[in-house]
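The structures considered in this document are given below.
Below, chain A partners chain B and then partners chain C, in two separate complexes.
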Partner chain A sequence: MHSTVISKCKELIELLNRYGRVIEIHDGALLIEVDEYYLHELSELLHWKLNGYYTTSIGVDERPLNGSFGVYHAFVLDDYGYYVILYIKVSTGLLKTTSITPVIPGANWAEREIMDFLGIRFIDHPEPYRLILPFDWPDGIYPLRKDFPYNCKASVKDKIDEVVHGSTSTVKDVEELSSRYTLVPIGPYHPALHEPEYFELYVDGEKIIDARYKGFMVHRGMEKLAESRLTYNQIPFLAERICGICGFTHNTAYCQAVENAAGIDVPERALFIRSLLLELERIHSHLLWFGVAFHLLGFDTGFMITWRLREDIMNIAELLTGNRKTYGMNLIGGVRRDVKEENIEYIKRVLKNLENEFRDYMENIFSMNELVKRTKEIGILSKEDARKLCVLGPHARASGLKTDVRKYHPYAAYKYVDFRVPVRDEGDVLARLLVRYEEILESINIINQLLDNLPNTPLQAEYDGIPEKRLGVGVTEAPRGEDFHFVITGRDNKVYRWRPRAPSYNNLQSVPLMLRGEYLADAPIIIASIDPCFSCTDHVIVVDVRNGTRKRLSLNRILG
Partner chain B sequence: MSRFKLLRKAISVGVVTEKYPYEPIEVPPGFRGKPRIDPLKCIGCGACVNACPPDALSIEDDLVEGIRYVKLFIGRCIYCGRCQDVCPVEAIKLSNEFELATDKHDDLYQVVGLRMVRCRVCGRFYTTYRQLENVLKDLPEEQRPYALLCPDCREKIASLYTSYARR
Partner chain C sequence: MIRIIFALINVLIALIIAPLFDGIERKIKARLQNRRGPPILQTIYDLGKLYRKENIFLGSRLHFITPIIVFSNIFIALLIIPTFIPVSIYFIGDIILLLYLLSSSSLFLVLGSISSRNPFAITGSNREIMLSIGSKLLLALSIGVIVWNKGSLLITRLFPLVPPLVPSSILSFIVFIIIAYIESMRLPFDIPEAEPEIAGGILIEYSGPNLALILHSIYLKRILFASLIINFLFYGSILFPGYLGILIYSIIFLALLFIVSIVFTVIEVFCGRYRIDHALKFIKNLSLLMGVIILLALYGY
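Then we have the complex of A and B:
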């Protein structure tokens, strides 16, 4: 078995070698410097033919290093256990490169983000408009370029209408839609999730004809802050604050990226403690989501039940880390606190109790006809669309895609435990509920295994500085899907570039598709069914994403 | 059928809501709450200031009066406890206190003032008495005079010696 895997990997590297020099940047990550000419062919090979999927694109201002800009397209090959990163040099003079969105629609946002932040144009991009920066942001100022100081406040133009952003075609498109159908705005505050986001639903009677999503209203400039002001060991605490629900997984992904880049071996006990906390976080996140989903379905008893059960997990986290949510446990090279022997029995007892109660409740709840009818065959995302849009995590698993970072790219202590990856083929809201239900039970199983086998090693690795100009990829399976962190190390104890990508970034792109053809009353649960985490997705800044025309339109509708 | 089961269960579980704030909430040992600087122990070395991710801790030197102020602003604190990790004399510690709402801005600050030492050569204030004591404790006898000089003067004298050594 093992030898076949190795020969498969050799074949892969040989295959990729035809397109450019393949460098193994660290265990499980390959970098190929390719010519733009082969980009489409190679993307198609990686995403469609080799059964991998596209993760994200990263733009880097590498002028101080090699005099050009760099664009990195990251792909995941689950079958081979590799992350493959295509590296394209973009010359400072031309500032343009080929877009891969025509081949992989899921690359849409990531490429537009690079356009916003670095000013690199993507040729043949179907929607080359602003995504993240506000529409009154002055032209020609790109915040992630190295010559833009992090504490600079760009002067905002007064005449917003003069700034031409957003395409005329989209505006026309919207005008046509809004003349024929009724516009129902949802947001910028969502009825259930108290985070800013904005959905425009175009309805004909009760049916949803089309939907648009606009987010990035809370982009906070984290990447810039991290690379300009914070040191390696301070960033974990910033990374943890990307998300209020699954912060620890961001924190771990960042630490892994730096550890991989610097080649630091983390002691086993630290890995076990990381896995333990990641699973605790998954349970609490899924329980929280169940509560929100039930609340949206009008089933408030279910909401109360799941949130009461969740409280036990919060107490365990508080006991282990000193806080209910922001664990603050990771540093580069290990963890900060040990799990005490006397707590292990207590945790096991609480989890046993939780498992029994949860199973009992859920079996009861899933036998309710009203709940099943409101979720079955609602908000369907087919397997093909899921592949096309590169959705991740439980959302992908509910659409029949067997993907799980813990299984196919084991990190932390996941290679020492035995667990199952629940997959369902239906692709509807009910499937998403069931996948998460099974995942909670699996997580409890994982925690028990981890607690039984805690090795006795130190908690922190000894290391001597972090070398500069190294690349690192850190990936974790967050409760919402694959969490991807990319790091280039720099000088003076600082990262050169840090790019976190939360799973909702990919998952949100599928929401408009799922809404089409559904009833308006189902919209909240469909939106919530991907467990969206808007601030995670934004993780960087935005004031107002709507362009002039659309803004007036929707505001009038809201006020009117 | 199933609804009755849920109802029965709900009654058997009873009320779980805590009467907070009318009843206090217990926090487990090791809870990360409001940090506090022990003014009797702090030596003003600034290790915590370097480690603090959100810049809640800062150092200001009053070079006229010769006092170093170590400032803690709770408004920025994220309760990560890095200051506690790096403190060489265990002067800063996280407490169990988490109810920090206040109507007075001053309640959010803790300022510790530490007396500074003058350089033996140029007479400039350069470090605190306590840090000097702490350094002298571990320094070999022959190097001690150097600790009494400010970094600039120390460098000058050291470079003088090295240039002698080169001859």
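Then we have the complex of A and C:
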């Protein structure tokens, strides 16, 4: 069986060689420098024909290296176990390239982000509007270019253009909608959302006619900060602060990217500890999400129960790392603390109790009629749409896509453990609940296996500096889906380019689609059902955001 | 004259007891959910703080004035029914006035809320109207059947429910209990405010004393319905002569109110929120049952 996989991979490389020179940048990642002319054909081949999926696009200002800009489109081939990155050179004079959004709608945001930050135009992009930069950001200033200093404060524009950004329509379209239907704003501050984000719902009575999403309100400029003034081993602590719930998965992905780029072999015990903490974090995250979901359904008892169970997980984390959340455990090449033998029994006992209690509670809850009624056949995302929008993680698995980084691109210690990937075909909110329920049980199973087989090795790899101009891809299965980190190494102990892409970035794009035609009362649970992590999505730039003036206008129109 | 004074004392006790009961309910809920919960007096503190705050005028007089109308409706309704002391201000047809006061309080709440023109308030009002059309009709019908069996429009003559022991009275009393639950804005029927969905809905634009008035009238309404339930069951049967007798009656009444409130709270803890169409379907099914009960009553059962 193993030989068939190898021959399959050979075939793949031969196939790709026809489009350009294939370089294996490290284990499991291929880079092809392709001509723009083949881009559509190749994207279609990778995304649709080879049953892979598009992950994200990365724009890099490579002028100090080779005098041009670079755009990287990353694809995942689960069947082959490869990440395939298409590299396109964009000349400084023309500053434009072909968009792949017409072929893969999921590429919409990533390409607009590159347009905002590097000023590279994408030809044939269906909505070439601003996505991340605010209305009053001056034209012609692109913050991720290397000649833009990280501590520069751009002076904002006085006059604000009438361009709708972040929404999926033109101004005229929105005006027509808001004249006919009631606009119900969900956000930027709303009890159902726990982070500032904005959903514009056009409502006829209780039915949602159309939905718009506008995000990126709390950008923090992490990429720029990391590239400009942090060293390799400082970034894990910044990366962990991308998200308060799934921070560890981010810094693991970052460390893996750098380790892959530099060819560092991490000792096994460190890998086991990473996996252990990743699974703890997954249980924590899912329990937290269950609580939020129950609260949105008005079932506060379930909310309190799951959050009490979550307390046990935080106690374990405290015992292992000294922190209840934001573990601060990763460094490049290993982890910072060991797991003590005397704690293992305690952890197992707590997890056993948790599993029993959790099972009992959830079985009771899933037999509650009105809760099932509120979630069944609500917010359906079909398998085709899920493929089209490249959704990830439990959200994709609830729509029948069998994808899991842990299984198909094993990292950390996942190749040593045996586990199941729960998949459901219904694609509704209930399916997402059930997938996460099963995942928690699987995670407990994984942790037990890891604790039984902890190898005895050092915790840190010995390595001698990190070579420059190397590419690295680090991927983890975050609680919300595939977390993708891309690194180009630089000199002076700094990264040249670091691009984290959190799973919610892809998942959020599916929300407006799921909201259409549903009841207003179901909107919060539909939005929450993807477990949106807005802080993960917003990590890009520091601006004093003055929120959408135009939106306030349209609201005023309704208020008369 | 003494009757009026006693009735006023009744309402004054209810004004304090209602938020206190809400505080106790919050505590019970918290204990059932593995929480410590706020102090029992928390709701009273909250109301006290809200009453002392500045009243904000949003530009709509209707919006500004309706909380007082809503509150006074409930206040007057409480004068009509006997509570802690078994006296009330009664006259022929007071049951009709009671129904009128209850429905007009909902109506004015919605009117005030809509006039704020907030989209969440509009959605909340929409839901409140849909819900209360169903529940108010059922309320009128269920009391109507009891009136028919008792043969009197005087509210104190309706208590207690038996005699006469007829199935239609018992059944409509059960419907009445369910309606009492729906009317007291508890889960799964708190759809008009639904905090996680529409951010407080009908209450969203109210603050300070106006919000306090509306909240207070919701708590009073709970006491009102619970008192009606207790009166239907026990009115007059536990009254001893003399002032001491009245005192004992008051204490027993309070204990019974407490039991009703605990039962309702426990139900609430194990519920999620209905969507408006699910709630309407529930009321529709209840109406079908009510139709059967009316037929029963007409044929003398």
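We adopt the following convention: the second predicted complex is superposed on the first by the 532 of 560 C-alpha atoms of A that agree within 3 Å, B and C clash if a C-alpha of one lies under 4 Å from a C-alpha of the other, contacts with A are read in each partner's own complex, and residues count from 1 in each chain.
Just so we're on the same page, a residue touches a chain if its C-beta (ideal position, glycine included) is under 8 Å from a C-beta of that chain, and two chains touch if they have at least 3 such contacts.
On a predicted model such as this, the values are computed, not experimentally measured, just so you know.
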Examine A:466 and indicate which partner it touches, taking first as chain B and second as chain C; both and neither are also allowed.
neither
Classify the contacts of A:337 with the two partner chains as first (chain B alone), second (chain C alone), both, or neither.
first
After the superposition on A, what does A:301 contact: first (chain B), second (chain C), both or neither?
both
Contacts for A:354 in the overlay, against chain B (first) and chain C (second): which applies, first, second, both or neither?
neither
Let me test your reading of the model: by the given contact rule, A:184 touches which partner, first (chain B), second (chain C), both or neither?
second
Now for A:440: first (chain B), second (chain C), both, or neither, which partner does it touch?
neither
With the two structures laid over each other on chain A, which partner does A:371 touch: chain B (first), chain C (second), both, or neither?
second
If you stack the two complexes on chain A, which partner ends up touching A:523: first (chain B), second (chain C), both, or neither?
second
In the superposition, chain B vs chain C on chain A residues touched:
C
Looking at chain A, which of its residues have contacts with both chain B and chain C?
301, 305, 308, 368
For a test of understanding, state which residues of chain B touch chain A in their complex under the given definition.
2-3, 5-6, 9-10, 13, 16, 27-28, 30-32, 51-54, 78-82, 85, 94
Sort out for me which residues of chain A touch chain B in the complex.
230, 233-235, 237-238, 241, 301, 305, 308, 311, 315, 318-319, 321-323, 326, 328, 336-337, 360-361, 364-365, 367-368
Quick one: which bits of chain A touch chain C in the complex? Just the residue numbers, please.
182-185, 190-192, 203, 205-206, 294-305, 308, 368, 370-371, 373-374, 519-524, 555, 558-560
Residue numbers on chain C that touch chain A, as the complex places them:
29, 32-35, 117-120, 122-123, 126-127, 187-188, 190-191, 194-200, 269-278
